[in-house]
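Two complexes, one shared chain (chain A), two partners (chain B, chain C).
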Partner chain A sequence: MAQNLQYFLIPFLQPEMMLLIWVGVFAGIWVGAIPGLSVTMAASLLISFTFSWDINSALALICGVFVGGVYGGAITAILINIPGAPAAIATAMDGYPLAQMGEAGKAIGLCTTVSVFASFVGIVVLAVAAPVIANFSLKFAPRDFFLLAVMGLLLIGSIGGGDPIKGITAGAVGVLLSMVGMDPSTGELRYTFGNLYLMAGISFVTAMIGLFGVSEALTQFRSSGMKSPKQNLDRIIPSWATFLKYLPLSLRSALLGVFIGALPGTGGDVAALLAYDQAKRSTKHPSRPFGKGALEGIIAPETANKGAIGGAFIPMLTLGIPGDAVTAIIIGALFIHGLKPGPMLMIETPHLFWMIVSCLSIASVALMVLGLISVKPFAKIIEIPKEIVMPVVIILSVIGTYAIQNSVVDIFYMIGFGIIGYFLRLYGYATGPMVLGLILGPMLDANYRRTMQGAENQILPFLQGFVTSPISLFLTLSIVFLLFSQTATYRRWRGLE
Partner chain B sequence: MEESKEILAEGNAAEGAASLKDLSTFVPEAHRKPGELGIAAITFLIGALGYYFALDMTSGEYSSPSVFPKLASTVIMLCSAVNFFRAVKREKPEATAPSLARFLFPGDVVVVLCFLVVYCIALPKLHFVVSSFAFLALGMIYLQRGKHIVRALLVSAASLAVLVAVFRYLFLVILP
Partner chain C sequence: MKRSCVLFLSVLLMLSAASMGFAAYPEKTIQGYIMWGAGGGTDNFARAITPLVEKHLGGSIVLQNKVGASGALATTLVVNSAGDGYSLLYGAENPANYRVLGLSPLSFHDLEPITVAVEGAVVICVNPETPYKTMKDLVEAAKESKKIRMATSGVGGLPYVAGAMMKNIHGTDFNYIQFDGDGPGATAVMGGHADVMPLALSTSVEYIRAGRLRGLAVLATKRVPQLPDLPCITEVYPEYAQYLPWGPFYGVFVKKGTPADVVAKLSDAFTKAMAEPRFEEYVRNSGGFKNGSTGAEAVKFLEKFESTASWLIFNAGGAKKSPAEFGIPEPRK
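Let's look at the complex of A and B:
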């Protein structure tokens, strides 16, 4: 125990590490805030910087960027309705309406506070229960990932913009678009029409930037006399009463985030979407209706994606399996520095585990300070006249899209998605479900087919699996419950209507 | 007290938003929007084409690569049919309703779209700095209706300088 505490204190006793964590968080907030620039990209860039560094310093910087970057995604989602990262898509649903009402400062302040809380929840779970959760997450079969994706798709009801049928249409178009490219399991080309660019598939980040960013700019140009809402910056930090009021929701969503983050291959984006859906279903009296500036609609996704940070480290540190793309890069960094990530990592190098826990804790404190300091300047951005901001937003969208894989063709796709998104919005089709379909389509397709192959293409054994495995049974019942909870009977019974 | 202030703030925001609405392209909620039937037909066509091209993919087993494309296409076609019939049932557009072209492309949207297309075409040829400066400056000058030309040029140059400095030199991102 004393030994572990000693390891935990290493970053506190080294000013250089402390500085690197703070620099990492600061850079992460900005990288995360810009659509297209991802934490994964920043972490992979940093790996090349840190080849010659001490592993401790490299990890300190990457942990800082990770925590700052996941938070940064929410900033642009709230301010200009363009999520900086897929994990912030749900945040835009209620954050942007708040900004339109002049409450951007309040929204970002609340987002910062609950983010720090959730980040600590993830860190505590990582420190206390990592091996147990890691072993449990390994019991998830492809069938369970398929069920998780189905649960994610049910979110269409929440983000469909009030018309479920139009939401499902957009979601199904998203799933169809996600099928474009080379099938990862058989190598067969789907909907590529001999086009080389289509073989790699359609990046959902490109689609997200177009559908949210460019379509938002075009929609704004429909309004005459484009006045920017004056922002109220009097109360940025939420009161204790507000924090305590939303504590149960924050804790619930953070724990959901930790668990989803710990599942290999799923990360903050899926966690945030599921948490938003869960909050919408379970909140009896939201501060405002969901989709129109409900504080719960910011708290749930933001706590879930921060909880997922600690969660993503669980399988990485205990089993050597990455929880998400960033931890996969950190595994690469460990290899470069001569370490062997795997089940023996915690036994052979326990200091590494405790040092990462420590770095994440310091990064969370840094996030609190830097996040709150940046609220006012960030909120002021929205007061700049839109005829100046919107052209810059379009240029940012272009830079972000090009940065994904340095392809001009992606910029054309992005603009195309922007125009499609503009038309869809005009006719009441929400753009969120289409991005949701693009994100979840490959997860649905791959895991369904793996499960079906495991059942030797027989329907009965395939269906039996859903009730014979305890995890699958739990998830299946959860889906049935989620569907039932959308019925008027349930909502009347729970007093939600 | 706190609550009434919030409601007031919401009311003001809503009022402000209403005053910004461009009435020349406004269609009441109960009425069918120009082109609403068309968009349902287009999404149906997307579903139909999706299914048609999925027929070329390997099929025959429940785990074939064509399963999800066919499923998604079918869902699109079914939902589009429902959207189409729901649109048919809605009240017809009034005589004063905007034309399809006016509804889809009000003046500013057309101009910005044209700038955007020209910008995309120019981007590989003129490279990022020149084409982006032209897009920003022209966009801002047009959207400010020709006022503050010098300010638009200065803001374009300054914001581009910041973008290049941050992305190219700080984050080492390659620009188009």
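Let's look at the complex of A and C:
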């Protein structure tokens, strides 16, 4: 125990590491905020950059960027409706309407506070229960990932606008578009027309930037002459009463985030989407209706994606299995620095575990300070007249899209999605479900096929699996309940209507 | 006299300018395209060696992941580049199979190897809770039933080819389940969602050491130093020798037709970088073996791999086109 404490104190005793974490968080906020620039990208660049450094310093910087980057995604989501990262999609749903009402400062301030709280929840779970959760997460079969994807798709009901048919249509188109490219199991080419660029598939990040950012800018041009909302910057830091009021929701969403983050291959994006849906269904009296600036709609996804940071480290540090894309890169960094990431990592190099816990904690404190300092300047940005901001949004979208993988083709996709998004909005379709379909489509497709292959393509053993495995049964029942809870009978019984 | 003097001087000037042009390579930033995603084996290799190469080359290489179509996207980019040595492809074994799988008309024949840097071995791994304690157990059980679930990374990937090898030799057939790659497949085997998977040593070595996976045999003609207790397959079934050596590898390539002196300069820089202790340590830790071949030796290695892999895929029924169509010779028995 004393030894663990000693490991925990490593970054505190090295001013250089301390500084690097702060620098990392600061840089991460910007990387996260700029759409297209992702934490994954930053982390892989940092591997080359920190090649000749000591591993501790390299990890300190990467941890800082990780925490800052996940947070930064929310800033642009709230301010200009472009989620800086997929994990902030749900945040845009209520954050942007709030900013349009002049409450951007309040939204970002609340987002910062609950983010730091959730980040600590993730770290505590990581420190206390990592081996248990890691072993449990291994038990998730392809069937369970399929069920999680189905659960995610139910979110269309929450973000699809008023008309279910329109929401489902947009979602289905998204799933269909996600099928473009190589079939994940046979390598067969689907909808590619022999075109190499279509073979690579359609990146959902380009779709996200187009459908959210550019289509919003185009819609704004239509209503030109509209004044930018004057921002109210009096009370940025939420009061204790507000914080305590939302504490149960924050804790619940953060824990959900930790767990989803700990599942191999699912990260903050899926966690945030599920948490938003869960919050929408369970909150009886939101501060405003969901989708129109509910504070709950910011808290749930933002706490979930911060919790997912600690979560993603759980299987990585205990088993050497990445919990998400960023931890996959950190595993690579460990290899390059001469360590052996795997189940023996914690036994052979125990200092690493506690040092990472410590780095993440310092990063969360840094986030609190740097996040709150930058609320005012950020919120001021959207007081700039729309004629100036919106062209900048489009330029930023183009640069961000190009940055994903230096591909000009992606820019065309992005603009195409922007125009499609504009017409979708014009005719009352929400763009969120389409992005949702693109994100969840591959997860749905690949895991359904794996489950089917596991059942030797027999329908009966396939269906049996849903009731014989406890995890699958639980998830199946949850989905049934979620569907049932929308029926009039249930709502009358619970007094919701 | 005056005129010839001018002529002489201008020729001299041109010559020196030309020679300076060559001597100056690299005179601008080199683009390095990694054919697989961040955090994968190819990516790790690229990021481990490039800073060392930059030092010896005296220029900078900007790395970027160009993921798509099993690396065919990055390969196409490099083949369509100017062929001046400013576009490098950091790749794995995949281009050897593009043609038979119908993914792309390109292959290693359109590329010039700078080096085949690192080789790996494949280990047949099972979940430790399965009853298969030895390779013989697994083969006998697989002969009896087709219900053993083998995780693969898709048709044409390494696990698939290893499965094809077993099919050719023993006539075994597994229930194949495709995962997104070695890592997710290994995770699924550890979680019991698949029973067996042939895995690169680099992916599996730590899991085997920790007892999370059970290694049955390494697909090589001799044991590997990382796992000295693990038998090599030819100890159990000598008939595998016809396909070996075979396994994953990482290399660096440029477009075919790149000037020879540029290729030589790059090969030289990579050779020096591979000799650095830091890189050797990385190779050892990641469960690989240094190959380091360049030039004709590397070309020979690639041709042998292409022949083994594409005929195995074809015989297992996974190919769209016969390797014979492309003049790929059948491996000698």
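What we mean here is this: the second predicted complex is superposed on the first by the 496 of 497 C-alpha atoms of A that agree within 3 Å, B and C clash if a C-alpha of one lies under 4 Å from a C-alpha of the other, contacts with A are read in each partner's own complex, and residues count from 1 in each chain.
By definition in this document, a contact is a pair of C-beta atoms (placed from the backbone, for glycine too) under 8 Å apart; a residue touches a chain by one contact, two chains touch by 3 or more.
Keep in mind the model is a prediction, meaning the values are calculated, not measured.
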Worksheet item: Clash or fit: how do chain B and chain C relate after the overlay on chain A?
Response: fit
Practice prompt. Would you check which partner chain A:340 touches, where first means chain B only, second means chain C only, and both and neither mean what they say?
Written response: second
Item to complete: Compare chain B and chain C by how many residues of chain A each one touches, and report the one with more.
Response: B
Practice prompt. Please work out whether A:449 is in contact with chain B alone, chain C alone, both, or neither, and reply first, second, both or neither.
Written response: both
Discussion item. Output check: A:325 vs chain B and chain C. Expected answer is one of first, second, both, neither. What do you get?
Written reply: second
Worksheet item: Does the superposition put A:490 against chain B (first), chain C (second), both, or neither?
Response: neither
Worksheet item: What is the contact status of A:52 with respect to chain B (first) and chain C (second): first, second, both, or neither?
Response: second
Item to complete: Check whether A:408 is in contact with chain B, with chain C, with both or with neither, and answer first, second, both or neither.
Response: first
Item to complete: Could you look at A:139 and tell me whether it touches chain B, chain C, both or neither (first, second, both, neither)?
Response: second
Worksheet item: In the superposed arrangement, does A:391 touch chain B (first), chain C (second), both or neither?
Response: first
Practice prompt. Based on the superposed arrangement, let me know which partner A:243 touches: chain B (first), chain C (second), both, or neither?
Written response: neither
Worksheet, complete the sentence: With chain A at the apex, the angle to the CA centres of chain B and chain C, rounded to a multiple of 10 degrees, reads 100
Worksheet entry | After fitting on chain A: smallest Cα gap, chain B-chain C, Å | 10
Discussion item. Shared contact residues on chain A, chain B side and chain C side combined as an intersection?
Written reply: 185-186, 406, 449-450, 453
Worksheet item: Contact residues on chain A for chain B in the complex?
Response: 30-31, 37, 42, 45, 100-103, 165-166, 168-169, 172-173, 175-176, 179, 183, 185-186, 188, 190-191, 214, 217-218, 221-227, 229, 232, 288, 387-388, 390-392, 394-396, 398-399, 402-403, 406, 408, 411-412, 415, 419, 422-424, 426-427, 429, 437, 441, 444-445, 448-450, 452-453, 457, 459, 462
Fill in: Touch list for chain A against partner chain C, complex
40-41, 43-44, 47-48, 51-52, 138-142, 181-182, 184-187, 189, 196-197, 199-201, 264-265, 319-322, 325, 328-329, 331-332, 335-336, 338-345, 405-407, 446, 449-450, 453-454, 456
Response to the item:
Listed in rising order, the residues of chain B that touch chain A in the complex are 9-10, 13, 16-17, 19-22, 25, 33, 35-36, 39, 43, 46-47, 50, 53-54, 57-58, 61-63, 65, 67-69, 72-73, 75-76, 79-80, 82-83, 86, 103-104, 106, 108-109, 112-113, 116-117, 120, 123-124, 132, 135-136, 139-140, 143-144, 152, 155, 159-160, 163, 166-167, 171-176
Fill in: Contacting residues of chain C [partner chain A, same complex]
38-40, 43-44, 47-48, 50-51, 63-70, 72-73, 76, 101, 103-104, 147, 149, 154-156, 175-180, 183-184, 186-188, 190-194, 205-207, 209-212, 278, 281-282, 285-286
